[in-house]
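Presented below are the structures under discussion, each in the form of structure tokens.
Across the two complexes that follow, subunit A remains constant while its partner is subunit B and subsequently subunit C.
Let's turn to the complex of A and B:
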């Protein structure tokens, strides 16, 4: 097991009060596996990534375990964390323009983690940097080393970001919306590059995205998040073919699909509850069309659907879940065959 | 008669390059001809910098077109006086991408929605009030929310307000510039549904500008694909999506990630980046990235030809 996150909870201070951003998030990433974390704005997917790297604002309260190769790094000191960041775990951010330093050359920025983590001579580093730039498919690598980010296009910048992340051959790569800011033809190039890197290394990848298309394309397993909690988790094929949580179903229904023109799209009524003002039971209950009495009072645990496929919805409680006497199997039937 | 007929529209901007101010011309829109029929939607797709937004803005004369003709209901729009334009804008409205930036944060929704009516001197105070209340319900907000300010609404609700504002004057044509790009997918679907409903109800025409191929496919009747200021392909949605004639359209469609893990498709990966619009390649603008490019492509500017009935593409090889 490469990464084992257990009961990760995060609270941030806002207007003098702590608001829960992540609530008991647990998941695993195996070696060589790509795990997608999907959800809409504010669901906590980016905060999950930042928590793993402990790139959090001051006064953030983080609880739970982050086991990286059986070592809990959740309580590591700053100094110990620095040994891991950029070395064992790297991160790629959404906007390559704001995450690169405009005052430093491409070469200097890639070199940085090599200086920190590797005992290399200047010449060795230079060779490595040029090789990294070539590996990520950039032309004129020797000259690029001395160029600045503003001289590059968006796609090239994102390739530089990937080169920086790959410099120390990390075991875990966290990608936060790596292609969201890019045009579709450039996105295709970057996704292809990432697929290649994945085949060549045995790196675990966490792919954070809002784009179900990207998930379907690159991920082995998917985690769906809603309002700071994981609501469903499963292998990619299973999740797309047999989504069980009403939120996942709603999300997939609302995507316009090629070949279905001018039909009414599925949509989810209402909006996400605000952090700090979460309902008592299931956080989706307010917007769900299958809400039962229990949904409003008790937080649903993850129920097993199949091996590796779990869903946090009372519809799948084998004990019957509801005390209302609502015919559960009917609800389930409509949920599944919607 | 078509509602909107744009012929050979050009929108060129002069920019200064560098410290000494060497002037270059950016051909943001370079000879575009499109037609929008009553009650129909024309989708405009393309990547950043292809000129799709500039096209929308120059049709409304928010930026003065350099050359070409824009006919709305048969009447020439270019060269109209400001007064005539004001009248015309009742019938042509725009919805912007960013619902956060396009609503005045200091005004209540009521004030925002009433503004177009006041500007155009329509109705008495009471009539205006009634109209605002009627429309706000049509777009799925409550009357009691009219006194709220934009920040009290979510992104999707704000975009609905933007649409309501565009609808206040009962226009015939709405130019929607990336209206759902800033929204989450479940909210995006609400707004798309609303736009389709309103279209049917009011027989509206849309020019729907977007970089999202699946959204454009969903809402449009016809679609124009733009690349570096030019329309490279234009036809009915079905034709363009099922049988794309231009290599760029083919690459775009194949690059689109499909939300279906079973669908493994042959992907055309384009090499390189989009050339700068201030320094476009010679001949066919796409030849630098085109997998089918030959020597002629660098020399000949391919005309938009009818490849099959009603299906136009600008490529000498297809």
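Let's turn to the complex of A and C:
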């Protein structure tokens, strides 16, 4: 097991009060596996990524375990974390325009990871930097080394970010919306590059995105998050064909599909509850069309749908329907048919 | 190429600025009530003698004629003759400027060495004890009047503890080093005259700190606010994500980005220190431009006042030009635009 996250909870201080951002998030990533984390803005997917890197604001409260190769890094000291970051775990950020230091050359910025983590001579580093630039598909690598970020296009800068992340051949790569800031053709190129890297290395990848298309393209498994909790998890094909949680269904319904003439795209009514003001039961209850009495009072655990496919919805409780007198099969019928 | 054009443009712009300053100073000095001729001849002067001297000094001509005559001289390198010291103003300026320049440069070095690290620490420890301390310190520096701080320092380090000298540029009876630049520390260093170098540095400490107090405060505050915004940038997060330790991130990535507005302010601070030298030099009997200017104003020595003002203006503009040119070396984006 490459990464095993257990009951990860995160609170951030806002206006003098701690608000829960992540609530008992648990998931695993195997070697060579790409796991997508999806959900709308503010659901905690980026915060999950930053928690894994421990790149959180200073007043953050983090509980739970982050086991990287059976070592819990959740309470590592600063110094120990510095040894892991950029070395065993790397991260690619959303906006390549602002994620590179404007005053340093591309070469210097890629080289920095090597200086920090590898015992190499100047020439060895230089050779490695040029090779990395070629590996991420950048032309004129030798000249590029001495150029500054402002001389490159957005797509090229994201390739440089990938080169930085790949410099020390990490075991885990976390991508936080790596294609969101790029235009569509460049997006496809970057995704293709990611797929290639994935095939060549045995790296585990966490792909954070709100774009179901990206998920379908590169992910093996998907985790759906809503308001700081995981609501559904499963293999990518299974989840697309057989979504079970009403939120996942709504999410998939809001994507336009080719060849399907629809008057109106599906949308989910209402808004995400604010952190620090979470309802007692299921967090989606307010917006769900299948809400039952138990949904408002008790947080649903993850129910097994199939092997590897789990859903946090009372609709799938063996005895759920009986508890509050709603006929479960009817609800499920509508839910699945939708 | 870009940088050369920029410098040339700024040098040309200096001309109208200097003309403006000269007109302003000339007008102000000539509207001050008081009669230079009477000050020179003293209380027992006869009306005829006064009239004769006024005619001789050209004080009876209309103001614009006097101004034209003065500017005509300047173009030929003649700043007029000081009515008080009876020497050419240019000679006086050459004699007093190195002392002031040395003191101001010393204050600037102190400012940089203290102000920038203080600002960085303050920003990286935001709202913690170190931050509160540096902020109070900076505020005190900005708020404390220089002459008062100078007196306090004198009282404590010179009178009470006796560890630092309190006046002049060298110990009494010590011969100044051979004249090369006129700055004693530099000249002593160049000629290898260590006792004089030591004495010159010791004499610089108290007036230098007094002069630097305000500018340290300015620079600390600017560094802090600039660093705070830089530290929120995505590329700082990238640096941490690479596994860079905090000091490497602060001084390797953040400071170079955050130092731009600080550099601009540094030019301003230099001008501030140059102006502040008038007070500080009086407190510490520092024989520089400031003292010369105070004397010149007291004796209505107009050519000297004009000379000092124009010289300070030129230094100020040149220092700011140098400071602005530094941008081209720090920010690669300016080179390629």
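In this text, the second predicted complex is superposed on the first by the 334 of 338 C-alpha atoms of A that agree within 3 Å, B and C clash if a C-alpha of one lies under 4 Å from a C-alpha of the other, contacts with A are read in each partner's own complex, and residues count from 1 in each chain.
Everything below uses one rule, namely that a residue touches a chain if its C-beta (ideal position, glycine included) is under 8 Å from a C-beta of that chain, and two chains touch if they have at least 3 such contacts.
The structure displayed is predicted, hence computed values, not measured ones.
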| item | value |
| --- | --- |
| Partner chain(s) touched by A:307 [first = subunit B, second = subunit C, both, neither] | neither |
| Touching partner for A:256 - first (subunit B), second (subunit C), both, neither | first |
| Contacts of A:277 with subunit B and subunit C, given as first, second, both or neither | neither |
| Partner chain(s) touched by A:77 [first = subunit B, second = subunit C, both, neither] | neither |
| Which superposed partner A:214 touches (first subunit B, second subunit C, both, neither) | first |
| Touching partner for A:184 - first (subunit B), second (subunit C), both, neither | first |
| Which partner reaches more residues of subunit A (counting touched residues only), subunit B or subunit C | B |
| Subunit B versus subunit C as contact partner of A:237, first or second or both or neither | first |
| Shared contact residues on subunit A - subunit B and subunit C | none |
| Of subunit B, residues touching subunit A in the complex | 47-48, 154, 156, 184-190, 192-193, 196, 211, 213-215, 217-219, 237-238, 241, 251-252, 254-263, 267, 269-270, 273-274, 289 |
| For the subunit A and subunit C complex, residues of the former touching the latter | 53, 55, 78-79, 81-87, 90-91, 93, 95, 98-104, 112-113, 116-117, 148, 150-151, 161, 164 |
| Sites on subunit C touched by subunit A in the complex | 233-235, 237-246, 253, 256-257, 330-333, 336 |
| Subunit A to subunit B touching residues, read off their complex | 40-41, 153-156, 183-189, 191-192, 210-217, 236-237, 240-241, 250-268, 271 |
